[in-house]
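Each of the two complexes below includes subunit A, the first together with subunit B, the second together with subunit C.
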Partner chain A sequence: MTALAVLTTALLTASVALIFFYAPVDADGLNQKIFYFHVPIALTSYACFGWGALKAFVHLWKRREGADLESYVAIHQGVIFGALTLLTGSIWAKVRWGHWWTWGDEQLVLFLVLFLFYCAYFMLRFSVEPGPRRARLSAVYALFGVALIPVSFLAIRLANDFIHPTVFTRHGAQMTHTMFAAFCVSWAALLALAHVMYRVELLGKRIDANLRDLRESLTAA
Partner chain B sequence: MRRYAADVAVLARKDLTLELRARDTLPAMLLFVVSTLVVFHFALPKHSSDLAAKGLLWVAIVFTALVGLTRAFVAEREQRLIDGLLLAPCDRSAIWLAKSASVLAFLGIAELVALPAYAAFFSAIGWSTVVAVLLADIGIVAVGTLLAAVAAVSRTRELLLPLLFLPLAIPVVVGGVGASVVDDPGRYLAFLCLYDAVFAIISWASFEYVVTE
Partner chain C sequence: MSSGEKYVAAAYAVVFLAVLVWVVIIAAKLVRLERETADLAALARRTVPGRVGDDG
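Showing the complex of A and B:
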């Protein structure tokens, strides 16, 4: 774990260096640099949601107890990265189009829907008594999430036709090789960061559970 | 297969009989949807377009469905009816299908009042809106019934259902409003069919995990 954390720090440092010193400044100016954070954060968030749904599926299918906690922690990380996506997206929209929020950016609207959906996931989790039943309910809801992602994406595409006719293109030109390299390193760094955070939170939650068991057995004795 | 259909029919008839005797869900939905439309009349400024009213029709439909869904598992929960249902020798998904069918019937009746009322209060409704409403109803009750069962076992119950349901209802609203306002509604109706199929299958398959103790 320590090695992983060190690697993540190195990757993050490298990506910041690449973004600001290696990748060229394009026609958009400096504010385009947020692209190297915004898009990888969004993709990392999808990865977390996907991982959470996979663990939920494993929980329901194989009836593996521990998968519930893993699914919850993955979705928690996904929501943290999702909130960051909304934040960085808003900043970008403000600089680029002059508004804090734009309904024309499909990615951003999709994240708002997902953010609401996964916030409800936490509401559900905290209003059911801990136990196998809560684990199953959470798993079912998490599986709804993976179906919601493509369906909402399609819906937002369709909605743009009658709500917001202009479609903003994210880049005027294709990415150059150097930009793509910086983008990939940044994405790798954020995936590693999400992984480390996932492991740390999982460890903490497991220690909590073990402590609780220990305390219960002590009071019983 | 025939056995399954018979189970569903019996369970759905039970819900409809209960409603006929107690009469607490359907009148509430009818009154709610008409009151909502009246509120919308005052919410829209004088010269707003018909398109804005079309959008509000969909808000009324989604919230009326929520009223019905909130009541869907009340008897199961308060009178411990669910224990009896789970002991019955039938597939658990039949409970979901029957409950969805009865909620669909209530919602359909509420819309039989709501759509003419909308036409009288606001503007005429085309066939594409009617088809979209029918398709949307299926998706709404499929997802909504499963989530109502989820909410029924939580501490916060009625409070939780709208929170769980509304993010999932956004695509339905997109499909419905799209089909009501554009000239060529084919794509939106197809999208509603896709939504119905995807979420009906997931709800049908996962209901067992929700109700098992």
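Showing the complex of A and C:
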């Protein structure tokens, strides 16, 4: 875990250095620098939701102990990164389009739907008593949510009247090599950050559960 | 600082702030876990005398 945290710090430092001192400023001006964090954060939130759905599937299929908690923590990370996607996206939208938000853009609205869907996951989870039923319901909900990810990702490519910039097309990444290098390092840094946050939160929840068990055993003794 | 620069700084500050808030929350949780562990150790000493903390 320590090595991973050190690697994350190094990657984040390298990504900020690459973004501001290596990647060129394109025709859009300096505001394009938001892209290097905004898009990787969005992709990281998709990855977290996907990981949460995978763990939910493992829980439903193999009934592996701990998979439900792993799914919950991954979705929690996804929501954190999802909120950051919306915030950084709004700031970028204000610079580029002059509005904090526009309901006419399918990508924005679908990402908001995906975000709210996973926010509702917590409402569902905490409205049911802890136990196998809660774990099962949460897992089924998490699996339904993952179907929204490809819809959200592809919406921008299927829509005809979009204003959202499309960088990754079927012809590859529409940017220079230096920009692509900065983007890749930035994405790796954010994935590593999400992984560290996931592991730390999971560890905290496991210690919490163990302490609760220990307290119950000692009180019963 | 130009308007574009301010927005770029704001976007990066939001991410930095979010990570900082997360670190503060985790730190608060660690303090709570430490307190609970100490409580449990005290409870264990009372419940099972001579079994906990014997090794030093």
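The working rule: the second predicted complex is superposed on the first by the 195 of 221 C-alpha atoms of A that agree within 3 Å, B and C clash if a C-alpha of one lies under 4 Å from a C-alpha of the other, contacts with A are read in each partner's own complex, and residues count from 1 in each chain.
Simple rule for what comes next: a residue touches a chain if its C-beta (ideal position, glycine included) is under 8 Å from a C-beta of that chain, and two chains touch if they have at least 3 such contacts.
All values reported here derive from a predicted model rather than from experimental measurement.
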Touched partner set for A:Ile91, first subunit B, second subunit C, both or neither: second
Subunit B versus subunit C as contact partner of A:Leu124, first or second or both or neither: first
First, second, both or neither for A:Leu60, with subunit B first and subunit C second: first
Subunit B versus subunit C as contact partner of A:Thr13, first or second or both or neither: neither
Partner chain(s) touched by A:Thr178 [first = subunit B, second = subunit C, both, neither]: neither
Which of subunit B and subunit C A:Arg133 touches, first, second, both or neither: first
First (subunit B), second (subunit C), both or neither touched by A:Asn210: neither
Residue ranges of subunit B in contact with subunit A within the complex: 143, 146, 150, 153-156, 160, 163-164, 166-168, 170-171, 174-175, 177-178, 181-182, 187-188, 191, 194-195, 198-199, 202, 206, 209-210, 212-213
Complex contact set, residues of subunit A against subunit B: 60, 113-114, 116-117, 119-120, 123-124, 127-129, 133, 136-137, 139-141, 143-144, 147-148, 151-152, 154-156, 158-159, 161-162
Contact footprint of subunit A on subunit C as seen in their complex: 2-5, 7-8, 10-12, 14-15, 18-19, 22, 26, 29-30, 33, 36-37, 40, 43-44, 47-48
Touch list for subunit A against partner subunit C, complex: 16, 29-31, 33-34, 37-38, 41, 80, 83-84, 87-88, 91-92, 94-95, 193, 197, 200-201, 204, 207-208, 211, 214-215, 218-219, 221
